[in-house]
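A, B, C, D and E label the chains in the order they appear, each numbered from 1.
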Amino acid sequence: MALRHQKTAAVEDSINQSLKNLSDDELFTFSGFDEAAAERSGYSDYSYWRSTFQVFLKNKVALSLLILMGVILLFTFIQPMIPGQRSATEIFNDASGMQLRNLQPGGEFWFGTNSIGQDLWSRVWSGTRTSLLIGFAVALSEAVLGILMGVLWGYVRKLDRLFTEIYNVLDNIPQTVVLILFSYIMRPSISTLVFAMCLTGWLDMARFIRNQILIIRDRDYNLASRCLGTPTRRIMLKNLLPYLVSVIMLRMALAIPAAIGNEVFLTYIGLGLPVSIPSLGNLINEGRVLMTSAALRYQLFFPAIALSVVTISFYIIGNAFADASDPKNHV
Amino acid sequence: MLKYTAKRLVQSLITLFIIITIVFSLMRLMPVEGYFQNFDKLDKNQIHTALQSMGLLDPLPIQLKNFYLQILHGSLGNSMIYRPNVPVMEIIGSKAPVSIFMGLASMAIALLLGLPLGTAMARGKSGFWDKFGTAFIVFITAVPAAVYYLLVQLYFTDWFGLPILFSAANPVSWVLPTVSLSLGNIAYYAMWLRRYMVDELNKDYIRLARAKGVDSKSIMKNHVFRNAFVPMVQYLPTSLLYTIAGSIYIESLYSVPGMGGLLVNVIQRQDNNMVQALVLIYSAVGIVGLLLGDVLMNLMDPRISFVKKGGAR
Amino acid sequence: MEQEIILSVKDLEVKFNLRGRILHAIRGISLDLYKRESLAIVGESGSGKSVLVKTFMGLLDANGTITNGEIRYDGKDLSKLKTEKEWLAVRGKEIAMVLQDPMTSLNPLKTIGYQICEAIELHQGLKGAEAKAAAVSILEDVGIPDAEHRIHQYPHEFSGGMRQRVVIAIAVACRPKILICDEPTTALDVTIQAQILKLLKDLKEKYDLTTIYITHDLGVVANVADRIAVMYAGDIVEIGKCEEVFYNPRHPYTWALLSSLPQLGVKGENLYSIKGAPPNLFTHIEGDAFAPRNPRALKIDFVKRPPYFDVSPTHKARTWLLDPRAPKVDPPEIIQNLRREVSGNV
Amino acid sequence: MSEKKTPVLEVKDLKVTFGTKKQKFTAVNGVSFTIYEGETFGLVGESGSGKTTIGRSIIRINPTSGGEILYKGQKINGPIPKELDRELTRRIQMIFQDPMASLNERAKVDYIVSEGLYNCRRCQSEAQRREEVDRALTDVGLLPEFASRFPHEFSGGQRQRIGIARALIMQPDFIIADEPISALDVSIRAQVLNLLSQLQKKRGLTYLFIAHDLSVVRFISDRIAVIHKGVLVELAETERLFAHPLHPYTRALLSAIPLPDPAAEKNKQLLVYDPEMHDYSVNQPIWSEIEPGHFVLANEPELAEYRKILEE
Amino acid sequence: GCGQKAAGSSENYRKLYSEEFTTMNYLISGSQTEQAVAANGVDGLIEYDKYGVVQPGLAEKWETSDDQLTWTFHLRKGVKWVDSTGKEVADVKAQDFVDAAQYLLTDTYKSETANIFYSVVKNAEDYYNKKITDFSQVGVKATDDSTLVYTLKKPTPYFLSMLVYVCFLPANGDFLKEKGANFGVDNASLLYNGAYLLTTYEPQVSHVYTKNDKYWDKDKVYIGTITETYNKEKNTLAPEMYKRGEIDQAYISSDILDQWMKDDATKNLVSPSRSQCYSYFYAFNFNPKFDAQYEPDNWTKAVNNENFRKSIFYGLDRIKALSVAEPYNPDKQLLNTVTPPALVDLNGTDYTNIGDLKAITARDSFQADEAKKYAEKAKTELKAAGATLPVKILMPYNPTTANWDKECQVVEQQLEGLLGKDYIDIVPEAGPSTGFLSATRRAGKYALMKVNFGPDYADPQTFTDPFQPNDANGEGGGNYNWPEKVQGYTDADGSKTYSNLLKAAMGESLDLSKRYNAFAKAEAFLINNAFVIPYGLNTDGYQVTKRNEFDYQYAPFGVSILRYKGQHLLEKPMSMDEYYAAEKKWNEERAAALAKAAK
C-alpha cells in the first residue's frame, strides 16, 4: 500500500473540492455508491523492483558506497587505457639504468614504487582489478552452482540424504589439498585460483539455500502450485527462487570480499597468484613483510586500504540491498 | 536420544570413510618430488627404493587396503616427511594441548567480550555501542587478519613491553596471541548475538514480559539473552575447531607450537600419513562437534528433541 | 447509575513514523472506562484496537508516539510518562494484559512456574517457596489440573488452551486493577474459547477486575461485554451498552458489521458484505472514514468529520445520519430482528 | 436434497499416518463419507482433528496409508496413471486457509491465476490466456486490471478471491475449501462466502468445506460431518444436525458457538465433552446410520439411547 | 675481525629459525638445515680450518696407497660418545664408521646421501642395490679400534674432501641397532662426539646447543650456547627483535635494507652475508618438451642457432637482475663461470683462473653492442631457417622462491628492451610450488631458465654433473639442459664435442693440473658457445649478526660452514666497511694458507 495512485488521488481531490462548496441541504443528501470504486479504494499500483530501488536509494551510505564502487570498478577497467598511466608490471629505472626502488609516494609515483621499481599506483589498481575479477567470478559461479544444488537439495526430498552426504564429505576435504593439486596440474593462475575456490566454495551457498528452501518448501502457496500440477522445475523457478533473491544477493555481495580475503590467505600459504599478476592478495602479502619499517609501510597500506574499501562497500551494499529487496520493508 | 546418537555416529563413520578415501586418493596424485627434500641430488635408484619402501608404488587399492588395516590395528602410522618415523599421534599429541588451551582461552575471551558487546548493540540499536560494535565488526571483516594480527603484535608488544614471541613458561606471552585469536570471534559472536537478540526482542513473549512489568534489564537477562544464545550454541563446538585449525597466522607470528598450520604444512610437504591422520581427526572432531552442538542445543532448548528429526534451520 | 471512572482517555492521537511517512493509527479518541465494568472493543483488523490499549501500558512500538490527548489513571496522565521506571509502577501492577496468541506469548525456554513466579515476585512481593505456592494456586484458579507438577513443565508441553490459561494466570498473578485481553481467544477452538471466556468472567468477579476485551468476534462480545466500543480507522465510531449496540445500532459501520453475520444469512442467498477495504491511514482522512464504503453515505460525509451524537446517555455514535438535518435512515431490516434470527434458530 | 444423488467423491475407511515406523502418528483413522454432486459438504472439528489432512489426502498431497478414495467411482489414492493424475488436477481443486500464505508473493496476479493454464496447456495463444484470466478475475468480482499487481497490494478478501480464481480457471467440478474464511476479518468473510455460493449455483460445483466455525458451516453446508481426533463422530444434514445433535462431542461443540446476541449469550449452557464418558470397554463403537442420512459413532447401548432422543 | 670478545664459553648466541628439522638422522637426511645438528654434534675424520685447509679431525693422520685406491686412517684415541645430557656412553672406534656406512647403505632407511658414498666406495652401490649381501665386501673396514680403511672404486683425487660430508660420519653401532629407524628423530636418539650437544629440542619452539664438556678439542669452542627460536615469520619479525635486543642475528631483506642503512642507529650494523660455493646460471634448453602454445619447434630452431644464443648471452644484464635481491653490491655476487670460485685451487691458483676459464672470469658477459650484433645476425639466419619471430622464450620460476618472480620480470623487460620485442618474447611463467623441478626443468618444460647447482665434493667434476650426457638407456646423465642434443658441435668420432671433452677430463685422475685444465676447457666450451649463461653466487643477503663471518670452518661444500666450533662472537655487528675489510684480509690470508698447505 505504498503511494496512492496519483491519478486516483487527483480525482478524489477534485471531488472533495467540489463537495466543499455545497450547501447544508445538499450536503445531507446521499452521495450514491460506486461498488467498483469501493473495490479499488485504499490500494495503489506497485512494482516490486521499483520499490526495492526506492528503498535502496533511501539508504544514503549504501548509495554513496555503490557509486564509489561503480567509480572504482569503472576506473579499474579504464585505468590502463588512460594516457599517462604506467603499466603495473613495468620496472622503472633512473637515469643510470638502476631501478627506482622503494620510492616514497609523491608527485611522480602517487603511491610510490615497490622494491623493484614498479609503480604501486598502477599495481594497486591492477590488483584491485584482478581481485575483483576473482571475486566476481567466484561469487557468480558459487551462486550458480550453489543455488542449483541448494534448490535441488532442499526441494527434492529424495535427494536430501545423498546431498547431505556429499556435503559432509566435500566440506571436510581440506581446500589446501585441492588447491595444491590444482596448482600442480594447472599452474598458479587466476583461473586455477577461481576454479579451486569454486570447487568447494559453492557448498556453503548450497547449504544455505537448502535451509531456506526447507523453510518455505511446504508453505501453502507451494502446495497450491502442486495442486495445480505445476512441474517441479517451474516451482523452483517461480515460487522458490524469487523468495531468495534478497538473501542470495546478500550472500553474493559477501562472497566477493570473502573470495578476495581467501586469496590473501592462499597467497600467504604460498598458493596465490604470481607477482607478475598483481592482486590485492600478493600486494598485501608483499607489503606485510615491510610492516616493521615505518617508511615502507605505505606498500602495505595502499593495497590494504583498497581491500578494505572493497570489502566494506560490498558488505554494506549487500546488506542494504537485502533489506531493500524484502517486501516487508516496502511499506 | 542414545539411540539417535548411536545412529548418527554410525552414519558419521561412513562419511569419515568416504572422506578419508578421497583424501587418500588425492594425495597419491601429488608429484613424487614432494616426498624428497633432496630430490635433485638423488639417483633413480634411491628414488625408486624410497618410493617402494613408503609403499607408494603399490596399486592404489592395495595402498588403501593397507591403510585401513593399519587403522583397524589402532595406528595412524608414522610421519613420513614432517618428522620421519615419529608416530603421528605423538606429533599431534605434543601440539594439541597448546592449541586446545589457546583455542579455549580465546573462545572464553570471545564469549566474555563478544556477548556483552552483542547485547549492548541489541539494546541500544543505533546507540553508541551499536555504532562502536558495527565499526569493530566492519574493521575485522574488512582488514585481512594477516595484517591486523601483525599490527597488534608489533604495537602492543612495544606499548606494554610484552615479549614478541610466545613462550610456554611465560604466562604474559600468552596474552597477545590469545587475544588476537579471539578478535575475529568477538566480532562474529557480537554480530550474531545482536541479530538473534533483535529477532527475539520482537517476539510476543517479550511483549508479555514487558506487560507483566518486568524491567528491561531483567528482560534482556532472563528472556532475550538466553533465547538468542540458543541458536549460537549449536555452532560453538565447530567454532572452537575452526579457531584451533585456523590459528595459522597467530601461530606463525608468535611461534606458538600449536597445530594451527599443521594441516597446511603437511599437505605442502606431502606427508601423506600426517595428512590422512589430521583429516581423519579434524573430520571426526567436526562431525562430533556438530553432534555436540545439537546436544548442547537440546540441553538449552527443551523444545528440541532428538526423537523428532531435526527440522529446518 | 453513576459509575466511578477508573481510566479516562481524552482526544488521544497516536502516530507512527514509518520510514519517514506518518501513519495516523489513533485519530482523536475519547473514552471513559468505569470501574468493574467489562468493555469490549470491536472493529476490523488494523482499526487501531491494539494500539489504543498499548498506550495504556506504554507498550507502543518505538516508532509510535502519542501526539495529542491524555490518559488519566489514578490521578496521573499516562500519556506523559516517559521513563521505564515510571511505567513499571503501572505495568502489571495496575494494568495487565493477555495477548492474542498463546503459542507465542510464553517464553519457550522457561518453565511455566518461572514465568508465573516472575509476575508474583514483582507484584505480590512474595519470594521463593511462597511465590511458588501462589503460582500453584493461581494455576488451579485458571483450571489447570495437577498444577503442583505442571509448573515445572515448559510451554511446549501444554496445549493451546492450557497455554492461554497460563497467560491469563500470569496476568492475574500481577493483581492488576485493569485487565486488558487483546483477542484472548481468536487462536482457540470454539469449545475451548467458551471455557476461557467463562474463566475470564469468573476471575473478573473473584479479583474484582475492570476488563477490556478486544475482539472482532461479535459472539464473544455478546458474551462478555457490558459496554461495546466499535472502532473504525483509528476512531471509536459508536459506543454504548451491550444491548444498545446490538439491538439499536446507529452507525452504518456497526450496521454493516452486524449485517454480515452468517447467522443472519439465509441459505442460498447472499450474505450482506462490506465492499472495499479500510482507508489508508497514511493519507489524511477527510470527513467520515467509512464513507467510501458506505452505501448510505451522505455528501457531507466526504467533507466533514461527524461529531458524536448522543443516542442515549450511555450510547453515542459518530455519524451525520444522527444529525437532525439528515434524512431519516433506519437500520437495515435484517439486524432489526437480530434477536429472533440468532436465538430462534438454536 | 434431490432424490437421485450422484456420488462425486467417496471416502472409504480412510487412514492417514505420519512419521516413520517407530514414531507413527495416526491423524485420520477409518473415516468414511460420501459427497454428492452439487452439494456442499461441511467438515468441522477442533484444531488438529485431521480436517486438513483429509482434504490434502483427497488432493493427493498427503499419501494415504489405508482405505480408498473414489472420485466418480475411480480410485484416486495410491499410485495412479499419469493420465488420471492430469485429469484429477483439473477436476479437483483446493482453496487454502490463509490468503496471505497461499499466494506467491513474488508473482503477479496474472501468473498466479494462469499457473494452472500453463500446466495443462489448455491455452494456445497468449491472447487466449489473457482472456481466460480476465474472465476468471471478473468471475470472482475482481477488476481485470488487477492482473498486473502483486498479491500484497490486496486486502484479505480480495486475496482469497484471487485464490478462488486460480482454482476456478481449471474449471474443476470439485473444490476443497480448507477453512477459506477463518483467517479473514468478519467484515470480509461475507464477500468470500457469497462468492462461493454464487459460483456453486452458476457452475454446479461440489464443495468439501472445512471449517471450525459452526455458524459459517451452517450457513453454507448441506450436510455436515463432525470429526474428533481423526475419527468421524457424526454426520447429518445441516438442520438435522443442529436440531438433533446426538454425539456428546457434537453437542458440546454446538453449545459452545458464541452467539452475537447478548441476551442469548448470557444464559447459555456450556456442555463439556469428556471422551472418558464413553464406556467402550465391552462394546466397540461403530459408524452407523441411525436414521436416513444421519450417521453417528456409537456402540449399541449408546445407539439405543440416541434413538430414544430422536423419538422424543 | 674487530672488537672480538674475549674468548669465553659462557657466551650465548641467539637467533630465529623458520624451518624445523624433520629429522636429525644425519645418515639419512640430504637437507642442509637438518645436517646442522650433525655438523656441530658429530665430528668426522677430518675438518677444515677457516681458510679451507684440511685439518685432522677424529683421524690424527692418514695415508693412501700408491694406486690411490686404499685410504687408511688412524683415529684419535679417547674420544667419547655422549648423549644429549652429556653422559658418556661409549668410546668412538673405527667400527663406528663401518656401522654407520652399513646403516647408510641399508635401502629401507632411504638415505638421501647414500649415492654420494657409493659413488666412490668399492662395492657400496652393489650392496645398496642388494646385488651383494655380505657387507664385508664393501670398501670400508675397521682393522682395529683405531684404524679405518676405505677401498675405492677408482682413484678419486677429491676423496678427502668428501669426508666432511654427513654420509661419512661415524655413529655408534649398538646405538644404531637399538634405535633403528628411530635414530635421530630427536636430540635424545642421537649420540654426540662433537663440539656441541643439542640439549634442548622442542620442535617448532626452540633448539639449544650447549658446549660439549667431554669434547676432545673443547679449547677451540668459544660460544657456550646457541639458542635458536622458531618463528615462521622470521623475515618479518627478526629485524624488529634484533632492535629490541631479543636476538643476535637477523637477515635484512633487500626491501627494508634502505631503511636500515638510512637510520643512524642501524646503518653500521648491517653487512652482507658470505656467499656460498653455489652456482646459479641460465640454461638454454636443447630438449624442449613444453606445450605447443610456447612453440617448442620454433625454440628448437632458435636455440640451435649460435648467434641467437649469443645475443642473449651478451644481452643479459646480470647486474641489473641480481640487484633485485642484492641492490647494494650486486657485482659482488656476479659469477662468470659455472663453477664458483674457492672450490678448488691448483697450488693457490683458483680453478676459475685456470686455463680457458681465466679469460672468462676476467670479463662481464653483458655487452649490449655485441648482443645487438648477434641479434641482427640471428634474425636473418632464423628467418632463413623458417623460424618465426619473435621467438617465444618460456621462462618458468618458482613462485615460492623469494624474489625470483621479480627477477624474471626484470630480465624480461631488460632483454626485450635491449633486443627488441620483435625478436624475442620472454614469457615468465609461475611453476607449481610443489614438485617445481619435476614439472619444469626435469621435464624439459622451459626454454631459458635460471637453474642452480651445488657441489658435492671438492673437484671440478662435480659441476659437470648437470651436463653429463645420458648413457645408452637415456639414463644417468644430468637433467638440466641436455647439451648432447644440440645440433652440430660434433667431433670426427661422431660424438659430441662436449662429451669428448668431459670424457678426457674425467679420465685424468692422477695429475691434478692436467685434470683441472681439462675440466676448465670443457666448462669454457659450454660458456663460449653460449650453452649456458653463468650468473651468480648464492648468498643470504644482508644481515645484522654478532657472529664473526670469517672465522668459521670453511669448505666449499658440505656441512663445515654450519659449525660453530672455532667461532667467536662480536661485541657489535660488523658494518659494511668492516666486512669488506675483513673479507679482503681473509682472502689474502687464505691464499697464503693454501700456498703453504700445498707445499
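Here, contacts are C-beta pairs under 8 Å (C-beta built on N, C-alpha and C of every residue); 3 or more make two chains touch, one makes a residue touch a chain.
These figures come from a predicted structure and were not determined experimentally.
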| Hey, how far apart are chain B and chain C in touch steps, shortest way? | 1
| Among all the other chains, which ones are in touch with both chain C and chain E? | A, B
| field | Chain separated most widely from chain A, comparing mean CA positions | value | E
| message | So the centre of each chain is just the mean of its C-alpha atoms; given that, what is the distance between chain D and chain E in Å? | response | 91
| Just curious, how far off is chain E from chain A if you go by their C-alpha centres, in Å? | 52
| query | When the centre of a chain is set as the mean of its C-alpha atoms, what distance in Å lies between chain A and chain C? | reply | 47
| field | Sites on chain D at which at least two other chains make contact | value | 155, 158
| Of all residues in chain C, which are in touch with two or more distinct other chains? | 275, 277-278
| field | Junction residues of chain B - those touching two or more other chains | value | 30-31, 150, 154, 261, 268
| Of chain A, residues touching chain B in the complex | 165, 168-169, 172-174, 176-178, 180-181, 184, 211, 214-215, 257, 261, 264-265, 268-270, 284-285, 288, 291-292, 300, 304, 307-308, 311-312, 315-316
| Which chain C residues qualify as touching chain D in the complex? | 44-45, 160, 188-195, 197-198, 216-223, 225, 242-243, 246, 256-258, 260-263, 265, 267-268, 270-275, 277-278, 338-339, 342-343, 345-346
| Can you list the chain D residues touching chain A in their complex? | 56, 59, 61, 85-86, 89-90, 93-94, 96-98, 101-107, 111, 115-116, 118-120, 141-143, 149-150, 152-155, 158, 163, 166, 170
| request: Note which residues of chain C are touching chain A in the complex, please. | output: 18-21, 275-280, 282-283, 286, 291-304, 320, 323, 325-327
| remark: Residue set of chain C touching chain B in the complex reads 57, 59, 84-85, 88, 90-93, 96-97, 99, 101, 104-110, 118-119, 122-123, 154, 156, 167, 170-171, 174
